[in-house]
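See below for the structure under consideration.
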Amino acid sequence: MTLPETPLAPELAVSEWFNTPAPLTLAGLRGRPVLLHSFQLLCPGCVAQAIPQVQRIERVFAHTDLQVVGIHTVFEHHAAMSPVTLRAFLHEYKLKSPVGVDLKEDGSDIPVTMQRFGWRGTPSCVLIGRDGTILHQAFGVEDDIAVGARIAMALSAPPPRSAAAPAATP
Amino acid sequence: MTLPETPLAPELAVSEWFNTPAPLTLAGLRGRPVLLHSFQLLCPGCVAQAIPQVQRIERVFAHTDLQVVGIHTVFEHHAAMSPVTLRAFLHEYKLKSPVGVDLKEDGSDIPVTMQRFGWRGTPSCVLIGRDGTILHQAFGVEDDIAVGARIAMALSAPPPRSAAAPAATP
Amino acid sequence: MTLPETPLAPELAVSEWFNTPAPLTLAGLRGRPVLLHSFQLLCPGCVAQAIPQVQRIERVFAHTDLQVVGIHTVFEHHAAMSPVTLRAFLHEYKLKSPVGVDLKEDGSDIPVTMQRFGWRGTPSCVLIGRDGTILHQAFGVEDDIAVGARIAMALSAPPPRSAAAPAATP
Amino acid sequence: MTLPETPLAPELAVSEWFNTPAPLTLAGLRGRPVLLHSFQLLCPGCVAQAIPQVQRIERVFAHTDLQVVGIHTVFEHHAAMSPVTLRAFLHEYKLKSPVGVDLKEDGSDIPVTMQRFGWRGTPSCVLIGRDGTILHQAFGVEDDIAVGARIAMALSAPPPRSAAAPAATP
């Protein structure tokens, strides 16, 4: 018996989804690489740099089975960044891939998915492999060339043996 | 008797002010040049281009009597861009000059100041002379060099004769 | 008798002119504001920032009597930046305003105009008033808004009394 | 017997090398991926976009066996872009990887390597696999994310069987 060398990504905790007909789970996406990007709609670095990079990633890898998933991780100004404002933001900024609202629990400003992944702030980005393990995680925006290289490596990995029934594209 | 050659700017109609201890009026600012910029917090062109230009203007003309005034002109997604969200936006984007919420009246999506000035959308910008007349008005973001030149000309104009008691800086 | 408050700009020393049918002198341009920009064709900051700014200045002030003059101030790699290479550079970068080659004298790497103005390197920029005095001088590239404001002030100054016969535009 | 599916890259034809102790050949680099970038020092698109991209590529893939090779492909203004000017250009723009001067033959403005690869102008870029075949070729500057992805794929390919003695890094 062998133990996994890298940790499985924790599961998402989302209270409301946009841009997808059905809720997503990382378990359900097993077999495909996932680019998870955490943002806040009033975070200047997210709006000026991270969101445009996500849109370039969507364009370059449109014909692959990479799944891009956004998580709206509100940890400050909670009343200012409600789902009503998020819906208009996604419309104005033309974000097409699925976005989930990170689950807020009473008693903590830090929502649940943010706690599970240990994100230090927004923007944060996680690349998850076909086998569900975390390949790379970063706070802030990284160089486009390095990001493209990492996603290509994740895409070229063989599907895991247990992924007998790969998830359908939402 | 002579008639004015250029039109006086219409008065502002504002329901709530931020970044100022007291409400502002163009009448009260007579004697100083005013740069009026109209924006919406979910307008990508405002956030990426117009707001940064306003901040460069504030920096370059900090030691002059130019008054910069923002008007949050919501004409769509009204519930998404409430004053609660605007307050957090001003904090996150570090906007320091006065900002007024354009007055919304029942029965029209277009707020009152926007109607009075005839703005076609956001961002819009108006340069008002010491005598209260509109020197220049534009929809969209113009070249920094031209903007700097126009403001310098407005600043170098002599104070109007009737401006016996110039308004104090807020 | 009164002494001038600001120094007259020193005269240009140029060995070869491009983009002008006849040599230029600052004396001959008296009565008009002059933007003098010093550059080297292999200077990365000149090519990436200063030359594009000069081209924006030319566009914004095309309908004024501002005269833009470039000085190719070679103080290193002399063999690499000959007039033959400069001619091709002006063609490729579409520089349309007059450019003079700063006069190189035996025994010094620093050409004569550079010595007279005391430039510390390239890019450098000098704004000269209608009366021939230096209004502003800077090493490096300054903010577009401030540059636009200064040129507008220089343009709005009245012509000097002695400029009875203003120079014709080349 | 099987025929190769993709063509071998033609060999370089270079009259003078910079930034390398010994001349390079693609045959000698067999076993390593090669990024070949063609430029002219007076080409605005090369200077503003392609060269900075090459430098980002060098930084991101510094710890891999990717070999970056520049070819100075002069096809116009020949006297203006001599090796003397190229040497100063490489110094000023801090290009560290090997650069060869594309061989000029009498009777043609188009140098030999440019003819062999069929480049339409500068900047052009070719990605060559470990087995010496052309993986991708483009005129102009492509998206950083796509460039990063393609290089990562080239790096992850297994070495060709015939590459028993891989070339040493210059």
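Order of writing sets the labels: A, B, C and D. Residues in every chain begin at 1.
Convention: a contact is a pair of C-beta atoms (placed from the backbone, for glycine too) under 8 Å apart; a residue touches a chain by one contact, two chains touch by 3 or more.
Worth saying up front: this structure is predicted, and the values here are computed from it rather than measured.
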{"item": "Classification of the chain A:chain B interface as same or different, half of numbers criterion", "value": "same"}
{"item": "Listed pair (A-D, C-D or A-B) duplicating the B-C contact set, over half by residue number", "value": "A-D"}
{"item": "Between chain A and chain B, centroid-to-centroid distance (C-alpha), Å", "value": "39"}
{"item": "Length of the line joining the C-alpha centres of chain B and chain D, rounded to whole Å", "value": "53"}
{"item": "Numbers and ranges of chain C residues touching at least 2 other chains", "value": "none"}
{"item": "Arrangement of touching chains [line / ring / star / complete / other]", "value": "ring"}
{"item": "Complex contacts: residues of chain B adjacent to chain A", "value": "42-44, 47-48, 77, 79-81, 84-85, 87-89, 91-93"}
{"item": "Residue ranges of chain D in contact with chain A within the complex", "value": "56-57, 59-61, 143-153, 156"}
